[in-house]
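The following pair of complexes shares a single chain, subunit A, combined with subunit B in the former and subunit C in the latter.
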Partner chain A sequence: MRPEFKILKGFAFAAAALACGLSAKPAAAADPLLLGYQMPLSGDRSQYGEMFRNAAEIKLKAFNAAGGVDGTPVQIVYEDSKNDPKEAIAIAQKFSDNPRILGVLGDFSSTVAMAAGEVYAKSGVAQLSQTASHPDYTKVSKWQFRNITTQAYEGPFTSKWMRESGAKTVAIIAIQNDWGISAAEEFAKAFAAQGGKVTATEYFNPGTRDFRSILTKIGRAKPDAIYLCMFYEEGASALQQAKQLNVKSAMFSTSSLYSPKLIELGGDSVNGLRMASTFVPENPAPEVQTFVSEYKAAYNDAPNMFAAQAYDAVGIMLDALKAVGPKATRAQLRDALAKTNNYPGVTGKTSFDPETREPAKELAKMEVKGGKFVVLP
Partner chain B sequence: MVVNVSNLSPRLRQLGLVAVLFGAIPAGLALMGGGYPFQVGITALIFVTLAVSLNLVTGTAGLLSLGHAGFFGVGAYAAALAATKLHWPFLLTLPLAGIVAAALGVIVALPTMRLISIYFAVATLGVGEMIHVSLLNWVSFTRGPMGIRSIPPIEILGLDLSGVIGGYYVAATVAALAIFAVHRLTHSYYGNALRSLREDDQCSAAMGLNPVRLKIEAFAVSCAIAGMAGAVYAHTASFISPDSFRFEESILILAMIVVGGLGSLPGAVIGAVLLIVLPEVLRGIGDFRMIAVGVFMFLSILFLPKGLLGEASAIGLARRQLGAAWRGDIGAGWK
Partner chain C sequence: MPDIFDAYFAQQVINGISLGLVYALVAIGFTLIFGILNVVNFAHGEIYTVGAFAGLLLIVGAAPPLLAVVLLVMAVGAAAGVGLERLAFRPIRRFSDEASLKSRAMREATLLSSLAVSIVAREVMAHVFGGEMRIIPQAALLQDVITLGPLTLTNGNLIIFGASVVMLGGLQFMLYRTRVGLSIRAVSNNVLGARHVGIDTNRTIVATFAIGSSLGAAAGILVGLYDGNIYPYMGFAPGIKAFVAMVMGGLSSIPGAVICALLLGVSESVATDFLSSGWKDLIAYGLLVVTLIFFPQGLFGHGRERV
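Showing the complex of A and B:
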């Protein structure tokens, strides 16, 4: 084949691909109000996107069944970002271009959400992420919101609880990464400010399973409590070894230790562990039980914290949309979001600070009792 | 033997291609409406630049590099840091990104250029990972996983190019310059020297070429172009973080030049455009789109193992149509 023809063939291919894409655009149906949701639906984070979409569908269905926005139904347009910043930017442009999309949810990871956020900041679309916990995320522009609390919020909460339970001294064991460092620092700052004393802060490398040397070292000062900033894999080992070493301090941890696997791995030794929590499927509150049973019925799987975050993010967005009515503009929706106050979700009551757009939540107190997570009243 | 454009001189044909890039394509994108087609265009052009630069090293000189995204990242971070901390304008950060990436390329090349084939590939794989891990863990300098935000948009001599259309023209200009530079390098005696290295470096050394020097030069030019693509990315995206410069991106760039045709410059352009545009136009089919892209790549390698536009025909095309080095009537070979 002559090279000229090969080139032409290549272009024809591209043109055909483009034509397919254009015709694949959804025809403009007049009625429903639109929201965009960008999330990883393929690639190595797709399990999270899958959960977000599942949870969002349940919430949306219930909202539309209850009458939608003054009788107008709402529809969510899902786009797959692959958790890839360059795809997220393209999606953000796509959503911004569509004047019918009033607000956007997502993305999953902070850096991807922020890359898209720069586009939403320029085009003026409110973006609500269910999971972006980067300290700078809400500083991108006045259009960024999130409904996940950060360690800057959880640390002081657990610290106060610890002080109320009578602990005067505490030792911290934290995982050596950006999250662990910030969790330990936020907690230590709050505990000192509330009049307590941090006797030691010990970091360990991710993957560590032997905490005996750390426990022996911090045990010498006999702290009233030990605060664990880690995940369930390490938490189970640390708690077992603390029991073997007969450490008497009260055990507290970050909410990240919450997982049925913790009890499976740790057995008896995790009893008595206390932590703050946003979402526990065992929570007897009616809204949580409705969500859990509906999720189980629809997807034959128990929802976890990620699904719950998405469920509430969609709920907050829909509530704001309802507040401004079917003729809402993007700016009105943003202002309504900023006014979110005590939204009664499955992860607790969420309020947004109108200035910083940071969420505040009523966290639940939880304790492991008899091999079960129990929400304390 | 040429179909339609036979009466035009090579110069006019080159101008025609420029007119398509700067006139016809943006006009077409504008007809589709909105910023989204332009955003996809910007990404495609950035990856065209990257694919063209990798093609010089991997396609023409035959050095399989698996760390190209690392140099893309170095350029992006150099531009982002200079723009946010030193408030340098784009006209300065663009060459800076190229120089920093090229300098790092030379440092990497000095010890690795004596390696061949798979050994060189593994060495560059290691370099790419080192760069990614450095961007991730050198928190005091790069802000690590936090990324760099508020990178100022492009402004050239008072001309505000912050929108997607401005971004398109900047990306198109950089891509056109990269294509022109690599076109002149590959379709010349110099390009033939690189090709001879790829085929048999001992033989070419016996013919009086200096393989190590040639490889280092080609690698440095390639890294410089990748670095400048990084600067365009940083300024058009406004936010960068290490997860844009992972190993997967290196593989994506490599896939582009293999699908397009290893060693073929127009192939690299076509491959890059296809692998960026295809996943976007396939959004309509939802969950299956990445599978469709995979099938496309699989079939293209199965039926066109030399790429959509193989090297031999691409060189013939460049010579006959675009006035590179030799023309068809003179005949390929030694002049």
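Showing the complex of A and C:
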């Protein structure tokens, strides 16, 4: 039943895209400059899309209030990809067919961002994802950028930290998607190279909330540490169930578990979890504090790493647009993005490598202590 | 592998039984409704979610004892079930001649209308509450650890086990020892025949929905508190597994569905020991296919019709 629905919806999108393409007129001088943003706004990843849109709106409002691009305001067109590659392709087609869209932000997961990326590669639109961290994402074409360090950067960092803390054996639990597999593999490679032993790598299907059988299975080898490659909702469940099953291993995770919600959902069981992170709301830097207080004021909620990634991604895109001016072409915007150097964002100073388009950021070490994220020196 | 049958294996069996009981709780209400209308109620998973959300709102708002929460949630579930019947089932049941009752098109229309209600209900909940997992007060969680030597259980395991036994027993009592049960069985056997002997079929069907949905809603809050997560999409996976258990059990046999749910849970959990856990759904659906090939009437079917 469901695939048919999706195909029908695909047709509808395609028809809508066609209609837009036919009716779009060349931009008049006073019209705002347009950027596209694709993200999951419905379906079971919609909470991430909501955060991205919330963060993007704050950044965009501040940017337009400060004069926009030489007096021309910028507008973002949001589309709901439902975290589904098929939807994402239809949206990418729609954005590409609209000549006023100069650049695109999103999508959320690597799988979906890469599916859309194939379209942007053909149509020549710069795509900047706030979260797609699969190593292959930027290899799609020269039009792909991201504002998140990849697992090829984070895996070895956390692995080294784990080895220094005395762990000789580790078991990995990872979500079964492109991102989870690359996170597990990059980490396993580094851990083995640094002289440790990976006792098990277990993948689970997205949507799993019962980790008891996986935890029981990997518990047999009594690993010194467990590395969780997942998101905070699964993380909270896995940590609660590990506590129930009396698992004694030290817990480490990917930075994707960083969220104030993790502690609210997981309670005591989250204490002792260690992870790398780029964004910490407790950071006293003025740009971080401005973002945190504006986000809280607008949405009555504390921003997490995902919101911060989107906030900076939008900021980087807007800065690039400002650099090329209101008459910019899609190709000029791409080249300006590639020149991003030391962008002072809330996720740390970000530079893009002009060749690989990979971002460089500083990672921090964090641990949950007494129900709080604490940055370790 | 001589050392595979160790304490970890026993723990895996315990994990499986508790997973199976979760499926069983959902399957009981599912099977009851199928038994009377011969139609799959796709919205049962959403009733389960509604139950979990109603229970959570109660816990956050008033923090009553667990038994009171469960009873109130069952009342909410019953109301939701009656509403569901009104919305998705009754409009399509307005023709009651024999040809309409036996028509495939009618059954398929009902199936689709329940699917439509389930999608709308799920997305409305996601819109109102947001798509993310709700925060559950730590004290309300059914996750207190009970250690038995190398094995661990939680109080949630015991409560879910108790709830399954009570529900199954209560339902069998109701079906075979009360007037309502008698009329439910009569309608499920033959709608026209039941009407000819003076049974109010509409009322019986509404009663079935109320009972089945109250059980589904109770399952939702208990499992939500046991797993520690409540979110708008939580009903989907247990709904599918309960459906598989119902089909394996022979569609209208409630004890059959419960036994098959346990079988599914244990085989999924034990399979994780031998395969990557990403494959565990293969076990569930593999068992379904094997059952359909070798026991086309289900493991506990009464030879009424082929699954």
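To be clear about the criterion, the second predicted complex is superposed on the first by the 210 of 377 C-alpha atoms of A that agree within 3 Å, B and C clash if a C-alpha of one lies under 4 Å from a C-alpha of the other, contacts with A are read in each partner's own complex, and residues count from 1 in each chain.
Keep this in mind: a contact is a pair of C-beta atoms (placed from the backbone, for glycine too) under 8 Å apart; a residue touches a chain by one contact, two chains touch by 3 or more.
Being a predicted model, the structure only gives us computed values, none of them experimental.
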item	value
First, second, both or neither for A:136, with subunit B first and subunit C second	first
Contacts of A:178 with subunit B and subunit C, given as first, second, both or neither	first
Subunit B versus subunit C as contact partner of A:80, first or second or both or neither	first
Which superposed partner A:117 touches (first subunit B, second subunit C, both, neither)	first
First (subunit B), second (subunit C), both or neither touched by A:97	first
Contacts of A:43 with subunit B and subunit C, given as first, second, both or neither	both
Between subunit B and subunit C, more extensive residue contact with subunit A	B
Contacts on subunit A seen with subunit B and repeated with subunit C across the two complexes	1, 42-43
Subunit C residues touching subunit A - in the complex, by the definition given at the top	6, 8, 11-12, 15-16, 18-19, 115, 123, 126, 130-133, 135-136, 138, 141, 143, 145, 147, 152, 154, 227-229, 231-234, 236-237, 268-269, 272-273, 276-278, 280-281
Complex interface listing, subunit A residues touching subunit C	1, 42-47, 50, 176, 202-205, 207-210, 212-214, 216-217, 219-220, 233, 236-237, 240-241, 243-246, 261, 264-268
Complex contacts: residues of subunit B adjacent to subunit A	1-3, 32-36, 38-40, 43, 139, 144-147, 149, 162, 164, 233, 237-241, 243-244, 266, 270, 273-274, 277-287, 289-290, 308-310, 313-314, 316-317, 321
Sites on subunit A touched by subunit B in the complex	1-4, 6-7, 9-10, 13-14, 17-18, 20-22, 24-25, 41-43, 79-80, 82-87, 89-90, 93-94, 96-98, 109, 111-112, 114-115, 117-119, 122-123, 134-136, 139-140, 178
